[in-house]
Amino acid sequence: MNVGNHLWFHDDHFHDECGVFAVFGHPEAAKLTYLGLYALQHRGQESAGIVASDGGRFNHHKGMGEVAEVFTEPVMKTLVGQAAIGHTRYSTAGETALLNAQPLVVNCNKGPIALAHNGNLVNAQQVRQRLEGNGSIFQTTSDTEVIVHLLAQSRAESIREAIPEALRMVEGAYSLVILTRDAVVAVRDPRGFRPLCLGRLDGAWVVGSETCAFDLIGAEYVREIEPGEMVILSEAGMESSYFTPPVKHAYCIFEHVYFSRPDSIVFGRPVQKSREMLGWLLAREHPAEADVVIPVPDSGTAAAIGYSTESGVPLKLGLIRNHYIGRTFIQPEQTIRDFSVKVKLNPVRSLLENRRVVLVDDSIVRGTTMRKIVRMVREAGALAVHVRISCPPIISPCFYGIDTPTKRELIGSQKSVSEICEFMEADSLGYLSLESMRKAVADAEGRYCHACYTGNYPTDFVELQLQAEAEAGDKTDVEQAFLGERGRRD
Amino acid sequence: MNVGNHLWFHDDHFHDECGVFAVFGHPEAAKLTYLGLYALQHRGQESAGIVASDGGRFNHHKGMGEVAEVFTEPVMKTLVGQAAIGHTRYSTAGETALLNAQPLVVNCNKGPIALAHNGNLVNAQQVRQRLEGNGSIFQTTSDTEVIVHLLAQSRAESIREAIPEALRMVEGAYSLVILTRDAVVAVRDPRGFRPLCLGRLDGAWVVGSETCAFDLIGAEYVREIEPGEMVILSEAGMESSYFTPPVKHAYCIFEHVYFSRPDSIVFGRPVQKSREMLGWLLAREHPAEADVVIPVPDSGTAAAIGYSTESGVPLKLGLIRNHYIGRTFIQPEQTIRDFSVKVKLNPVRSLLENRRVVLVDDSIVRGTTMRKIVRMVREAGALAVHVRISCPPIISPCFYGIDTPTKRELIGSQKSVSEICEFMEADSLGYLSLESMRKAVADAEGRYCHACYTGNYPTDFVELQLQAEAEAGDKTDVEQAFLGERGRRD
Amino acid sequence: MNVGNHLWFHDDHFHDECGVFAVFGHPEAAKLTYLGLYALQHRGQESAGIVASDGGRFNHHKGMGEVAEVFTEPVMKTLVGQAAIGHTRYSTAGETALLNAQPLVVNCNKGPIALAHNGNLVNAQQVRQRLEGNGSIFQTTSDTEVIVHLLAQSRAESIREAIPEALRMVEGAYSLVILTRDAVVAVRDPRGFRPLCLGRLDGAWVVGSETCAFDLIGAEYVREIEPGEMVILSEAGMESSYFTPPVKHAYCIFEHVYFSRPDSIVFGRPVQKSREMLGWLLAREHPAEADVVIPVPDSGTAAAIGYSTESGVPLKLGLIRNHYIGRTFIQPEQTIRDFSVKVKLNPVRSLLENRRVVLVDDSIVRGTTMRKIVRMVREAGALAVHVRISCPPIISPCFYGIDTPTKRELIGSQKSVSEICEFMEADSLGYLSLESMRKAVADAEGRYCHACYTGNYPTDFVELQLQAEAEAGDKTDVEQAFLGERGRRD
Amino acid sequence: MNVGNHLWFHDDHFHDECGVFAVFGHPEAAKLTYLGLYALQHRGQESAGIVASDGGRFNHHKGMGEVAEVFTEPVMKTLVGQAAIGHTRYSTAGETALLNAQPLVVNCNKGPIALAHNGNLVNAQQVRQRLEGNGSIFQTTSDTEVIVHLLAQSRAESIREAIPEALRMVEGAYSLVILTRDAVVAVRDPRGFRPLCLGRLDGAWVVGSETCAFDLIGAEYVREIEPGEMVILSEAGMESSYFTPPVKHAYCIFEHVYFSRPDSIVFGRPVQKSREMLGWLLAREHPAEADVVIPVPDSGTAAAIGYSTESGVPLKLGLIRNHYIGRTFIQPEQTIRDFSVKVKLNPVRSLLENRRVVLVDDSIVRGTTMRKIVRMVREAGALAVHVRISCPPIISPCFYGIDTPTKRELIGSQKSVSEICEFMEADSLGYLSLESMRKAVADAEGRYCHACYTGNYPTDFVELQLQAEAEAGDKTDVEQAFLGERGRRD
């Protein structure tokens, strides 16, 4: 889902926008969903929602905050039912944040429906305009709501028939879990941008964005929901069907580089395996004359271990992360140099002083944070600072459910590698090559999307998005949200 | 508006469900609306909302609580614009309360629209079913939302043309204020059930349910919006038109008996004038051998003064009201007799002891409260207790925007006057006659609705409502609200 | 108690600062105390506290807000015990408000003690300085805390012996309820400034500031606690003793004029009886050529009824009070004339137009509010406005537990009656005489304090207070509170 | 400080109870203190407080929650002054939590004083009893309050003279920062249990528990405050004096093992240096036949790197920590095996399967958590699990400011190493020896306290504490807190 405005994240990473989870056929469906969402909060931890069905009625709750804050004991008691779906996401600022929280819950002519979406539709604006022209009234600024209206408008008699009909009208990335009175439906878009996994627990079915959610509840991983597959979980068991002819897959490679939890299996492959391999290959492609390998915690740690192992340069925890970073932070009026980084990371002088340092991180978006880190490490006494990044330069925004800045804000699209090195004041800079990155995820068959590294997008409608983004002025989020003049990309 | 579930009020009165207010052409439109709502809180004080338009964009805020709690200084600062509408109402329990708060704000194919409604549509369910059949998705359980969907579905090109078209499809009571980007539209249903007044302030236009709202902001009362009239307030000034042929009027007589503030002019007549006259006529119709006239505060005070003046029996404040009644209240486990009344009223023994008392109130709904008061007065030493009520027995519920219990809960529909007297353990009981009540409001021309006293309803669709009410089971509010199985009356 | 800083009240009345309540020997002691405080909120409704003893341990809760807000169901469940005391008061601004909330609860060498105080000590500062000099650490800015330290410092072996010893060192007004592990002690200062009543309920003992608190819980009024009396309620029953030789009494006459609830018996006399008599005597002393008597609601209503009855001029509710006055209120930038009064009162033009009006209120402090009311009534069309006040001019502040402005802010101390009449723009002004006021409360024996009308104070130490008040600069409340530079009067 | 009741921490570590910080002579003293506390939250993150002095008046704020939550922008604006002290700590449950929050702020005969304490007094109960016997009233259950009363009782004329006098009466651990109107005083107990450092920033003086707080604000580390030293920071500059003759030092060795941040310099030595050395020495003392070294994140990571480097066995991130652990957590009714550990850690099957694993952590308190981790790792496919701990077995509780369970709950005091190995179901278990641990912190001179490993306590009064602990029954925290029946150790 995409709600048309964007919090920008301080730590200079791309961010996944959502995690989804669903359960069918368990007396504690909502509690398991709560635990599933809990394990998926790295995919978005600022709002959360759960809807449960007891066969007749829907019970639901959404709120701003972390899962353990939103779902208190009294709230959980109200979420009765053997089937449930849930959603966790990065919130957006302003009044519309809670309004846009998911799952969407509506009551239409096909009965009550709830829907949770991970991904982003690229033709949402076009579809919405057509629907509004016919008198539909949208309540949110979310691209996800067009699916709900397409379901309501469908002449199909049942919701199961309406889903394929509706999905054939949208384009883009969607891993969906849908709740009806008596079933959970899980769907993945034909290209399979975002992950979606199927599991079992004591005879019940579970669905989730990543397998780490299954581990927490002790569920068994069965398989991925396939691209273009619709799985219906009901009293009748599990039914699978495909709603479009097969197309070329486009798995998000960034899930392995950064988004997914290292303990998950994503697109059928353990993430930690990919991540260490990224570090090994990085050491081979870009060795360095150095005394210590220092990870940028926590994102660079796995690759740094790989780099250290392969290169033989010892690993040291030379940057310490502060664990208590609040969302708001009061700065002194008198400037403290590079304060925004200092508040998160502190160098360990005794490990850096008079050493040649290899600094390892997984990716660079704008580059401003890394510049401050390089400077901080040098001020702590490092003799040389070599920056190594375990993926190629990012040159293009994502329109498939990732929160990215505009093209012109991406340092990789504006500068060459040597210019970036100079900008960062590093002694050397090495990015992993596209080939090595694909090797690390075992992408022999070309099933992955790497548009953010190449600018080659696997769907239509992206030109319009890029153009809109280029034109986007200084409208505030609230006005965009309210007036339905949608955000940049949907 | 009617949201399909009902708080029941402890004080055994009918209650108005809403007050509306609007301003066009004033730089502080939202602040004036805030003050207008503040003065209208006797029409509903549990939630409030304001929407302002600055010509391009809508700015809005709604919340649960009293007006002065909901609208804080920072909130008010966001409500920029020269035009604004507002709504205050009795809230309903549960999660849907805020969802159903008004004004409704939507963005449809005719641009952004906000709408605030006082009254209740009697054919809302029928219209809604038709709209949902065509794929419309309703977000609330409110009857008011059908108007919004009718506006969106209309093939008229502008919102001004769409309003009459939409309103011709609904039946019932509605005093509406509607906000568009560049105008405020005020409409009153063809029978004129609920009041709606027009005023001026420094060149700006104001609209409100009662004139007491004009007094607070120093606005001048111009006239009533007429039944069936649509008034458009914009840069072009004030335009008036009628959207239906004239029908017989049906002003709510209860506005004069109880709802409206005594300092308002309603349906063109000062309310306090009606209320004292009710007391005078009551003294003439039902005199009593008594030593003191005691009002039930505060509802019976005006009529008690009239009764005392006309009868010559001295007025005494023999019942003292507690001013700090919270919404929730913890009772001791050990029963205190008639606690629910004691917590609100305390008798003054020195004024009641060894006196023959006339107890005056304005109306009786269920009768249980009055029975406790009679008992309490007698226990304080009264020799005799004569109850006098300044309107006739209420025998039928209202479907035009008033919160009333079902027919079978109305003591007037179940018992004769002498049975009621016995039930209350009073020495005598006198209700004002219908003729006197109509005389008190100067209704020579038969323009008032008195369906609650007679059962003669001025619109169709009421049979269905009565039947639904009779069948209504024990569904909880939440399930009714969510499943769209609507409340009793719409 | 007096906490050293003062909220000033908009309605231009003196205000009582506290109400106290206590129960011994009832399984629901805290719940009864809650109800007692509820009925006493006219004596202070901005913070409340209850402490219960179960024989071994104290359980307590205090909070800002009305009684029904502060004491929720879960809170009440924790307040276990057969004995309890409670306190309700006007809060003060700033951080210290909750800190200063009562009952005070401490654990000293004589065991746990809790104490609730209505009144004000006039030598608190002197005693405190001495105690601090000896190393005592005060936690609050309240005069009440000196009593607690005197109890802890006492060489008496038990708390019962320590109380008389401690109280002989303080001067001023105090109606106290004190809780120990196994008893409730109720004490009234030797002059009896503030009321304190004893009652019974089902074998338990209750103590409260006014009898209206007994009515709510169905307790029987036994008698007043006498001036200088200490009553101990314990398993051993009720024990009474006197801790000083008798002195001249000084009951606060303002309790009958304004503070106490009209349904209470205070100083042995029904308040409502005094209040009507004040109106009768006012009509005799200051008749007026007029068409209507209009009370200023609600403070003037009782006297207005007496005035109307005695004079024969009919009573009309010509000023309507708004019931939803919030504590904060946002004003429009563009001035609305006399807005601060309009927001509370609205004139009923149809009752005032072309009439000669007698406006009745109970007292005038600064006079600014009454000036606005006179103006408002005149603007509503009154031909003449005669102001009648049911007590004499107030010329001097109170130092015995009443919240009053400084001497120079009292209009009665600065202007003659004819100057006040002119200031108010009234056609005539009549104040009740001191003799009539004393007659209305049946004060033949001179047991009442009327220092605020005469400047004759019944205790020492008042000179110092007046002087301090005259010198008081612009220190903020917080600094006064923290630094222990105490407020004006203690 | 010790408040007499204890939260037990889920992660089976000892925990430091407090961090302190102070600034003198900087216009943004409170903001720097805020940042200092922010960096010290690993020493206690559940409540925080700051007091600032502007030379005349104290401004303060305390609250429950993390530093960035407690100190909002509006709060910070009130904390005016050139001198400030702050405190952050683990909160305790119940009503007394906020009451016990520090800094303590009182107004005594020597003027206003604020005090923040890291450590614990072992003779607090004895001193308190004596003070209460003389009439002192304690407001908290904290051992720290006795210092405040000793200051108030002192016959010394100034606070500077009173401090040494008071401190000579207490025994135990205390690193204190004290604020007076015009100075900051920093004191460390004669044995120097807890760290306390002095720094400079732009001409101002800063004091803090660890140097990581200086790094964040860009202050320069000057030196440690010495054991038994009192440093006064004022307009007159820095004055140092000693208040007792020198005694043997007793630095807490656990500060290097676990408590302090690795980027701090503590007791004059970089913590990270000690921590890696612990790992190296552990590998030498307890090698293992294994394929991978797996740290228990995050506490075991530094030692694991040392172990891996020394042993040559490759480091792998085989346990992934969940970053979103809320304070409360709802469990499903149906048991999930080892849920309490799963919710924090998830094994990475691809790294553990068919491998022989060395699991490294820094310490073991009860052992139950480690047992679950061993089991989890084995279930993920490990062929063998060797547990290595980078300190000796803990056999005795700490009474010097650390939150520890009772002796009988310490697995090291109840079982031999081989029994513990069996209990944990590990294939082997190795603890670092005391000599190696002392070598890792370079303790050639015997300046460190290692009572928790040996039971040899460096102060008196500990017998009483151990006895009290053995007798401690099941009194609730609240009753202990209120009745002043103090917790186990003071």
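First chain written, first letter: the chains are A, B, C and D, and each begins at residue 1.
We take it that a contact is a pair of C-beta atoms (placed from the backbone, for glycine too) under 8 Å apart; a residue touches a chain by one contact, two chains touch by 3 or more.
What you are looking at is a predicted structure, and each value in this text was computed from that prediction instead of being measured.
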Centroid distance [mean C-alpha coordinates] between subunit D and subunit C, Å: 50
Mean-CA-position distance for subunit C and subunit A (Å): 62
Whole-Å separation of chain centres (CA-atom averages), subunit A against subunit D: 37
Per-residue overlap in subunit C, given as positions that touch at least 2 other chains: none
Chain-level touch network, classified as line, ring, star, complete or other: ring
Chain pairs that touch, as defined at the top of this document: A-B, A-D, B-C, C-D
Complex interface listing, subunit C residues touching subunit D: 56-58, 61, 95, 106-109, 112, 132-133, 135-139, 148-149, 152-154, 478-479, 482-484
For the subunit A and subunit D complex, residues of the former touching the latter: 28, 31-32, 34-35, 38-39, 41-42, 45, 66-69, 71-73, 76, 202, 212, 215-218, 261-263, 270, 272-273, 276, 301-302, 305, 309, 314-317, 320, 322-334, 336-337, 342-343, 346-351
